[in-house]
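Both of the next two complexes hold chain A, though its partner changes from chain B to chain C.
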Partner chain A sequence: MRIKRESIKENLTGYLFIAPQLLLFLVFVVYPIIEGIRLSLYRINYQSETFIGFENYNRLFADPVFVKSTINTVVFVVFIVALTVIFALFVSSAIFDKNAKYVSFIRGSYYIPVMVSMVVMSMVWSFLLNPANGLIPYAARQLELTSVNFLGDTNLVLPVIIFVTFATNVGSAIILYVASMIGVPKDIFEAAEIDGASRLEIIFKILIPMVKPTTIYIIIMNIIAVLKIFVVIQLLTGGGPNNASTTLMYFLYNNAFKYNQLGTASAVGVIMFLIALVLSIPQLRAMFKKD
Partner chain B sequence: MMGMFRKGNKNKKKKEKIDIILNGLVIFFAVLNLFPLYWLFTSSLKNSSDVVKMPPDWFPKTITFSNYVDVFNNQPAFRWAFNSIFVSLVSTIALIIVSCLAAYAFSKLKFKGKNVIFIIFISSLMVPKEVMIVPLFRIIQDLGMVNSLNGMIWPNVATAFGVFMLKGFFDSIPDSLRESARIDGASEFTVFYRIMVPMVKPGIGALFILNFVQVWNDYLWQLVVGQDENSKTLMVGIATLMQDLNPNFAYKMAGATVAAVPMLLIFIFFQKYFTSGISIGAVKE
Partner chain C sequence: MFKKRFLALTAAVVLVLSILAGCTGKDPVKSNGESKSKDQVEISVWLTPQWKGVMDPSEEGADYDSFFKYAAEKFSKQYKDHDVKVNVQVVAGDQRDELLNVNLNGGTPPDIFFESVFAMGDYAHRGALVPLNDIVDDEAKKDITQNYWENVTFGDDVYFYPFSHMPGTLAYNADMFKAAGLEEYLGGENEIKTWSLADYEKILKTLKTDLPKDKYSNAFPMALYALNNQADTWNLAYLRMFGNEFFDGKGNLVIDDAKGEKAAEWLKKIYKDGLTNPGVESVSSNDVNAMFQNQQLAISFTNSVLFNNAKADMESGKTPKFDLRLANIPSESGDPLTFTYVTGAAVFNTEDETRMKVSKDFVKFFSTDPELVKASKNGVPVRTSVAEEFKAEKPLFEAYDKNAQYMFNFTGNVPGYSQLRQVLYPELQALYTGQKSAAEAVKSYQESGNKVIEESKANSVIFNK
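So, the complex of A and B:
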């Protein structure tokens, strides 16, 4: 009897400690997911909601702008994540064994644009790329290149956005890699050096395989971050020219808050939710294996 | 012996050469990556004609602060800044309180369903709140929190990120510490508040900085919730300058600088918390 009462009390203490977090979590995380799935099956006009099954989804897949948004989002994810991993590996493997001041200087230089935020960086890039009085079109004219309107050209707009997003955000991956590389025991490198391995061999055959868990983490976190890419689209291109640079998040936002298509927007949200969930399975498995 | 020495030396030199080339490139790209910020800052100090002059002035010839005066005169920039600071600060403090409590429970207490709840918490980390922005906005509407800073704050406190991060810190404190204090008659909350919380201070510091910046830059949600002039945050307000009819780029750049400076200062003063905080979030193996 006593033992039972003790364990009830212990349970209760535990629940009390998690209660505030759990309550917020249920209201602002769990409920919106359930409600989002429900809304995606309805047609919503101001006050009235009509159940229409999967029609929102059917219409989405028939909508060329949605298809374009999906393709663009996938293109952004693939290229931005690949560039980020390759460049961050290059920077981190060059600096990780140098003196601490130099490491923190380089790391800081790449991280500052992350801190300053995508909003501010998008504004600067929109000025730098402005066809009439931006620095980059000016340089392009000096070099007598044919196209100077980088954001107005359907073929150039995606590469430009990929570059801007990558350059702004690569700093977080560098911080993660440097931390992880500093953690690799020094004697492994020393042993390899004694065996006559060159620096490049050490980097490719020892260092990069050793930081693989960090690589997986960076890939997943960046996929999730690029999946919701929005600010740079809104501030640089507005999805244009002619929907050439629209993304899923931008499409969702427009449907929800400009065209008042809440059912459609919810369906886009559910699709993005499922993508995020599937993509995060490897990371979740890695995290739970650790425990 | 001479020969051996020379060979070793030569080998080392060759290695250093590649290393020097790579590091040279790293420095070159670092400077290039900072150039847009240099351009932002110097453009904000130019007058409206110098800023669009081609060929450009690489250094501003005459320095003017009039763009900054205009930003603060034409726009409620102080109000925006106050809103940003308030939202970031309150979200972060509230997050630290609720996630400290929960992380402690997940780490040190025993209760039914603990593992299941924890797994659900952690799984949610991978789903950005933006994908459920429609139902989330409707909740905020129902709670009467549209155009209020409350609406920007509470969804951010719901994230499980703090629990995930702080649990690791509580895990590293030996259980015996709690048990002996409990035997001495301290209540669970006293143990938590007097013994455990002071020991996870580095984790709280890192979480504070990371979350503050996260909320400060939480543009899309703040854009949706704060629609009237009074509830705009700095990021949302500054971004509207881009759509402003005023064609003066120096003015827009001054606005962007105003939004950038607070974060730059935070980074310069708290750099070590960032580097530790970000890595704590990652898998360590």
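So, the complex of A and C:
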């Protein structure tokens, strides 16, 4: 008991230093999570809250739009993350050992879309793809080509969103990979070259395994980011046509702010939180392993 | 050692206290519209874009908030009870519900909202508005005819003070009609032309084939849109074109019959035949309105305010000038279809008695002041006295009056209308993209719509009084 008290006393300064951050974390992260879980068990209107147990969850799983949103979100996560990792690996492994100025130029070029707001990027794409007055459909009509509605075709709308999101996000992954690859000791490459390894063998057998921690980080960060995909849906398709491009985050937004179904929206939030938590476990485990 | 530790401890305590001070600090002056002192009251007025200017869009610097800023100034000068400051904010129509829901749940609703009644009726059902019976006097009841009062009455109470109304019709570009050789179908400049459905189909086909491409490149006959919840009113009218009544006597949807299916089939056919703008499923009402103003569409939707704004934009050189005229939505029976939006102000229950009283007084002031009510001429006045005064200046008032006999109530006064419009456009998108047949689209709209109505009835404070 005495030892414990002494240990607390000794660490008091440390605790006080982390207290502001801890306080903000409790107020702005932990409390909203607990409140979200509580609200997901209630039916809410302006004047009252009624406890309804798991009814919000039951209704969600019976709602075809929620099911569609979940499937779409999974499709986005799988394709966007895979495309990002593969393309970023391809570009980075091709340039990491080249002239520094050339590397900077390529890195900068891919990073520009990351710096531009997603809202602006979505509006630019909307200007290009709008079937009535967009630039691409207009050019197609002028050239008397078959006009395709990229945003209104249920088979095309998902690939279009995947491409737009991938093109906007891939820059960060390239930056991380290039930095990581530059950090790989040169003597390993030299030894491989002396042993007669080809460029492809060097990439697949040395480079990619050496940057595995970066790959794990990129995968997890992108999964969490894509799970929350919203802006591009809101501005480009509005979840349409006929909910073909709706996602969990968009579904949550509609329920919370358009339909005023706060209980249902909270239930969606809780489900998204659980998915993100499950997907973050490998990263957390990797972190603790290191320690 | 002790000194070093003491310094570190002090620094940590100061850091924590500074954060706490930041959290608890309160600025008494900027208290989000709350009463600052006994005689000073700050209220907020929100509105969606209505008419520009105080009285007329041609005024210098005319904007959507000009009228309310002017009315607020006039009100503050003559108001004796408090020193009133009115904050006016214009919000986009498609963002209204998001903003209101967030602010209502956060306990910070606006004091007054000026909007079309149909879009705000749900807030009365949800108990967010206060009745305005006490500010409606006999003089107003006499000057504003009964059908407008019925529009703004929910249960036994008046929740909106009617100001003007905006009849919805079609607008057409008479120059494009002439260019396509359709002179015989033109109506007069101050007429709302009625075409038969057969004539209308002929007009669309002729516009598609005979509109000179060199003069009107990238132009299409008719505006059609289904991107978001704004795709309700005119589409609801088109769905009645073959005689479907839409609602039964109990306020349930009855669109799923042969007439409703035929109307949905007709919409799909004109789209597939290229008689509308392309990509209907991904185009918004704002998109098609801009296309119409840029002469890329020959026929579009309009209401009296949009019509006046379009004319003002042409006058000011913002958009190309053309001969803009009005027509009715045709129907198979030959009788045209028309509807109106009654616009007016509602007062939110902010639980601050002073602010609610001042808000009611302000609503009464701008809805009854002899000078200010003249601004209703930008739509169509609900007050007989104002309509009479501007009869000569605004010949279309008479045309709208003649049209009133064909008017239908597009909301059916059902609770949950704002959610009902959220389930319409996905069905229209499914129809246009071929995911659903006309029969399937009307069937699933009726099912999901009636579910919304049933739930909204169960939650309505007015139905469950």
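Throughout what follows, the second predicted complex is superposed on the first by the 267 of 291 C-alpha atoms of A that agree within 3 Å, B and C clash if a C-alpha of one lies under 4 Å from a C-alpha of the other, contacts with A are read in each partner's own complex, and residues count from 1 in each chain.
By our rule, a contact is a pair of C-beta atoms (placed from the backbone, for glycine too) under 8 Å apart; a residue touches a chain by one contact, two chains touch by 3 or more.
Quick caveat: nothing in here was measured; it's all calculated off a predicted structure.
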{"item": "First, second, both or neither for A:F230, with chain B first and chain C second", "value": "first"}
{"item": "Which of chain B and chain C A:N130 touches, first, second, both or neither", "value": "both"}
{"item": "Which superposed partner A:Y217 touches (first chain B, second chain C, both, neither)", "value": "first"}
{"item": "Which superposed partner A:P20 touches (first chain B, second chain C, both, neither)", "value": "both"}
{"item": "Partner chain(s) touched by A:Y138 [first = chain B, second = chain C, both, neither]", "value": "both"}
{"item": "First (chain B), second (chain C), both or neither touched by A:S117", "value": "first"}
{"item": "Which superposed partner A:A256 touches (first chain B, second chain C, both, neither)", "value": "both"}
{"item": "Larger contact residue set on chain A - chain B or chain C", "value": "B"}
{"item": "Touched partner set for A:Y46, first chain B, second chain C, both or neither", "value": "second"}
{"item": "Chain B versus chain C as contact partner of A:L151, first or second or both or neither", "value": "second"}
{"item": "Shared chain A contacts, counted only where both chain B and chain C touch the same residue", "value": "12-13, 17, 20, 24, 27, 130, 132-133, 138, 256-257, 262"}
{"item": "Of all residues in chain A, those that touch chain C in their complex", "value": "12-13, 16-17, 19-20, 23-24, 27, 45-47, 130-133, 137-138, 141-142, 147, 149, 151-154, 237-238, 240-243, 254, 256-260, 262"}
{"item": "Partner chain A, residues of chain C touching it in the complex", "value": "5, 8-9, 12-13, 15-16, 19-20, 23, 97-98, 101-102, 104-105, 126-128, 218, 227-229, 277-283, 287-288, 290-291, 296, 419, 422, 425-427, 429-430, 432-433, 435-436, 459, 461"}
{"item": "Chain B - residues contacting chain A, complex", "value": "11, 14-15, 18-19, 22-23, 25-27, 29-31, 33-34, 36-37, 39-40, 43, 51-52, 54-56, 97-99, 101-102, 104-106, 109-112, 114, 117, 119, 121-139, 154-155, 157-160, 163, 188, 192, 213, 216-217, 219-220, 224, 235, 238-239, 241-242, 249, 252-253, 255-257, 259-260, 263-264, 266-267, 271, 274-275, 278-279, 282-285"}
{"item": "Complex interface listing, chain A residues touching chain B", "value": "10-15, 17-18, 20-22, 24-25, 27-33, 35-36, 39, 90-91, 93-95, 98, 104, 106-113, 115-121, 123-128, 130, 132-133, 135, 138, 167, 170, 172, 175-176, 178-180, 183, 196, 198-200, 213-214, 216-217, 220, 224-225, 227-228, 230-231, 234-235, 249, 252-253, 256-257, 262, 265-266, 269-270, 272-273, 276-277, 279-280, 283-284, 286-288, 290"}
